Amino acid sequence: MLKEIDYQQILEGIYQDIKVYSTEGKQADYIPALARVNPEQFGMCLRLTNGREFTVEDADTRFSIQSISKVFALAMAMSLKGESIWERVGKEPSGTAFNSLVQLEFEKGFPRNPFINAGAIVIADVLMSELTDAGTTFLDFVRDISGNKTITYDREVARSEREYGFLNAAIANLLKSHGRIVNDLEEVLAFYFRMCSVTMSCRDLARAFLAFTNVEPFNYCGFPLTSSQIKRLNAVMQTCGFYDEAGEFSYLVGLPGKSGVGGGIAAVCPGRYAVAVWSPRLNPKGNSVMGMKALELLTTRTEESIF
Amino acid sequence: MLKEIDYQQILEGIYQDIKVYSTEGKQADYIPALARVNPEQFGMCLRLTNGREFTVEDADTRFSIQSISKVFALAMAMSLKGESIWERVGKEPSGTAFNSLVQLEFEKGFPRNPFINAGAIVIADVLMSELTDAGTTFLDFVRDISGNKTITYDREVARSEREYGFLNAAIANLLKSHGRIVNDLEEVLAFYFRMCSVTMSCRDLARAFLAFTNVEPFNYCGFPLTSSQIKRLNAVMQTCGFYDEAGEFSYLVGLPGKSGVGGGIAAVCPGRYAVAVWSPRLNPKGNSVMGMKALELLTTRTEESIF
Amino acid sequence: MLKEIDYQQILEGIYQDIKVYSTEGKQADYIPALARVNPEQFGMCLRLTNGREFTVEDADTRFSIQSISKVFALAMAMSLKGESIWERVGKEPSGTAFNSLVQLEFEKGFPRNPFINAGAIVIADVLMSELTDAGTTFLDFVRDISGNKTITYDREVARSEREYGFLNAAIANLLKSHGRIVNDLEEVLAFYFRMCSVTMSCRDLARAFLAFTNVEPFNYCGFPLTSSQIKRLNAVMQTCGFYDEAGEFSYLVGLPGKSGVGGGIAAVCPGRYAVAVWSPRLNPKGNSVMGMKALELLTTRTEESIF
Amino acid sequence: MLKEIDYQQILEGIYQDIKVYSTEGKQADYIPALARVNPEQFGMCLRLTNGREFTVEDADTRFSIQSISKVFALAMAMSLKGESIWERVGKEPSGTAFNSLVQLEFEKGFPRNPFINAGAIVIADVLMSELTDAGTTFLDFVRDISGNKTITYDREVARSEREYGFLNAAIANLLKSHGRIVNDLEEVLAFYFRMCSVTMSCRDLARAFLAFTNVEPFNYCGFPLTSSQIKRLNAVMQTCGFYDEAGEFSYLVGLPGKSGVGGGIAAVCPGRYAVAVWSPRLNPKGNSVMGMKALELLTTRTEESIF
């Protein structure tokens, strides 16, 4: 790894090469706030462990991070509960869509992993049990890990999510019927939707995910993780971070990461860099079309992946 | 990674620490040849990319590699067909047991990945279509990649597998009914079972898997793979190599690898080392109890994993 | 069928013969009101089309009719909507438990039949759309068809059902997410639970179900059904009335009927009689143990079934 | 039921009214022998318990009875094994297509009922265990019950079925892997396919099914059944006789019956008549389009059904 890589040039080259995909896919439109976003946007930010940062295009535009928030929630839960967190949620890929009820029913309400909706709702329940004001603490954590005190919830998104969130309500009710949720169901759902509503830019996410490269001690807002815990969190991202496209992402990109239906993807090359990319149009599996392409080219051209 | 690691000492320490698990789990007994194996055996071999090799205990005892053979078959198929191989088989984790028919039926006979039985049977079919004598060529490839000309099939195992292999026959018939197998069904099954019957030692497997560390050009027996292809093969191992315990292995060990019901596991730390471990007793998911423990301790103590 | 049958003697003989089962099974206890019921009760009432009535034991004790209410709701919906009701719900046996979400998810929220919970919730939605005060009208209908103006809802049961009804809430949310519910979800659930909470005696139910023997014109409370519609309603009861024990009931008893978790079963022998039986202890499928036995003996000894 | 019904006129009227459907649907074409049949044929035969017989069109043309043979096989097995037959196969509707492997896998190889392929293969296995020459005895039974000594197997059909029968071979192998088949798998499949290959006319089938109207003692070729057993056999036909269209048939027709992919349907009105209808074009569920229509009109116009 002694060769000198010109990351800025690589990022700019990637952007040129993937422009052709800018009209491919369809942005999330299940709530008005997401449907309104201009889909022709693209941003990318790569941050090295030495602190250097490279960006292209809309790297400072904020967007709804949606499921990427599940990584922050899991980090907090792992810090609070250690290995015992896995008594509440599994760590196996689901093999089915992120919102499937089938597996959940067959497995008596035990969610496959913390990155499908069922698992993230259970993690939300854990955080609510452990923290006096989970909503505030979660925001403090995200602000601290990304070094940006202005990050906040999008109230309209959170409200809309609940209003149209019948499938998530079905999941939460099924969890509750199996005794997998301890707190009040509506409060858990409200907290879950608030976490999904956080808006961040690619630069914010790249800075936040740098914490998972495992080069500095991890301790944000009073939530420490050991080096071993970070590796394991990365392992879960690797196998479960992309719904039923986890294998495809692992194959094409080869980095632990997490996507969201807002069109964002954040990923980590342990010991080297963190990267975030955003573009609203999604493929049929719910992952950003340009985001997937950009990351595939990134690891191909830098030859830096985990494999 | 500048620290000097004493691998020999680490391997010996691991063996001491996992001895307590030597009676845990149950060896495969669905065919007589596997049921007869002395279950109290354990072997391990680690080979660095610089050629140094470390072993403990029964590292030179041969055992039935079973599903580990699927990695070699996939390497050959990727070399022969390139990306088009993925028109015949997927690369997503299955989320279900290795021999499940459910998913196969729902997905019209398209196997989730090349490491579940259905996928491996399709890969066997591909190799039979491409090669004039697939059985001989497969063996030549395995001998070449491991540098051991004495490796061979175990005829009794292959015969028994077919005799008791009603579930695999069910899978093959289902594949055929969906037009996913081109060649004669019984011949494909016979070839598939032969591949599973290959016997190798941990040393053989560690040497063979060194090819996947991606430090030397890959070309064995006329089957070349590019560096990018090897990375992708590792990615598939990472997400799909351990049946419905892929997440657990990724979490605890953090290496691409493949297990077999003979009790063997082979894994790769790209750019650093290959490792093989063997012990016949399996956990309920079909993976070697001591093998899983040994690899977990290995990456913990060397601090060398992909994450 | 010219022989003279002494029904009273048969009913008494049945009761003697099934007493031995009085401690078998377990009453529903998911809500306090059902858990409190004395499980050692048994009642039975048979009413011939000529108006003669035969009873044994607790035939006049009221109990929670639970899912038997689904028959009345379907009768009303068929009267209101005719054949178009089947655009909202299927009429095939489900092959799975009454509260399964799996099938519902696979079939995009289209319930298999009106007697599984999902289907009954959709029927509740239909009635709410068609009627200005569905709650009052449903009660009027039940009072009219059974000829008992004192029948009413059990408010405590209805409230408890909602309080503990997470699984039904999951089902309703899943239906809503697929656009299968038009009205406000909480209001539909409230109406659904109210219908389930109606309390009736075996005598009330036998009188009500006499309407499905198809010997008199059917028109209660302004809800007429043709002879052909009644036959079809019976057909749906026959194939779907007993959850995943429909085949067993058809085999052992051979009458169209419907059971409820309160321990009641009502059934029809077209052209001949209606019968209701009640005993709180349920078998693992959710059907009354003594109720099933009693009806099996009834059709065996009278030799009157539909087959 | 004192009114005089002119069955001949009803049958002729039905034929006139359903002619418009003569080009709807698609005949079975998975084997050449079935694909070759002229699809524009229609036959129907109704036989009263008093011996009078009414026919229209091709009522004497023989066709492949296919799955209708499962009724004869079950009758023989019930006669041989009594209630213990249900230890080998269930009697619940499957809720899925006739050839589904999913349910079979979930339920450890225990077939839902004797009329799905898995269940019929198990019944074939039972007959082979009980009879010295099951193939000959089955034919003798069919000849005796229909009163036609010329009925025979169609060797070409039987051979083709096996040749193209990968799905059935998958089912049989899955059954065997769960220990549900005792005899040699290939021999069981061969016998199963032979039974399906029997050719009969509507007249033959109507005469055979008259035995299930339960007015005469049942004893053919040394296989007696009690009145109660016949009722139960009818019950199984009623709930399981039409794959995942059992509810539809029950709703529209209201008779116990069994269909086959050759386009035949045979049904029973207990105590009154047996009826057989045949037309090769099938609906998407695998049941004869004109056959379903004809029987719906028959029970509507005669007002004779079990409900």
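Quick notes on this structure:
We just call them A, B, C and D in the order they show up, numbering each chain from 1.
Following the convention adopted for this analysis, contacts are C-beta pairs under 8 Å (C-beta built on N, C-alpha and C of every residue); 3 or more make two chains touch, one makes a residue touch a chain.
It should be emphasised that the depicted structure is a prediction, and the values quoted were computed from it without experimental measurement.
Hopping across touching chains, the smallest step count from chain A to chain D is 2. Centroid to centroid, with C-alpha atoms defining each point, chain B and chain D lie 48 Å apart.
Here the spacing of chain C and chain D, counted between their Cα centres, is 31 Å. Chain contacts: chain C has no residue touching two or more partner chains.
Contact between chains, using the touch rule, shows up for A-B, A-C, B-D, C-D. On the side of chain A, the complex with chain C involves touching residues 100-102, 105-106, 166-167, 169-174, 176-177, 185. The touching residues of chain D, counted against chain C in their complex, run 90-96, 103, 112-113, 214, 227-228, 230-232, 234-236, 238-240, 244-248, 250-252, 254, 256, 270, 300, 303, 305-307.
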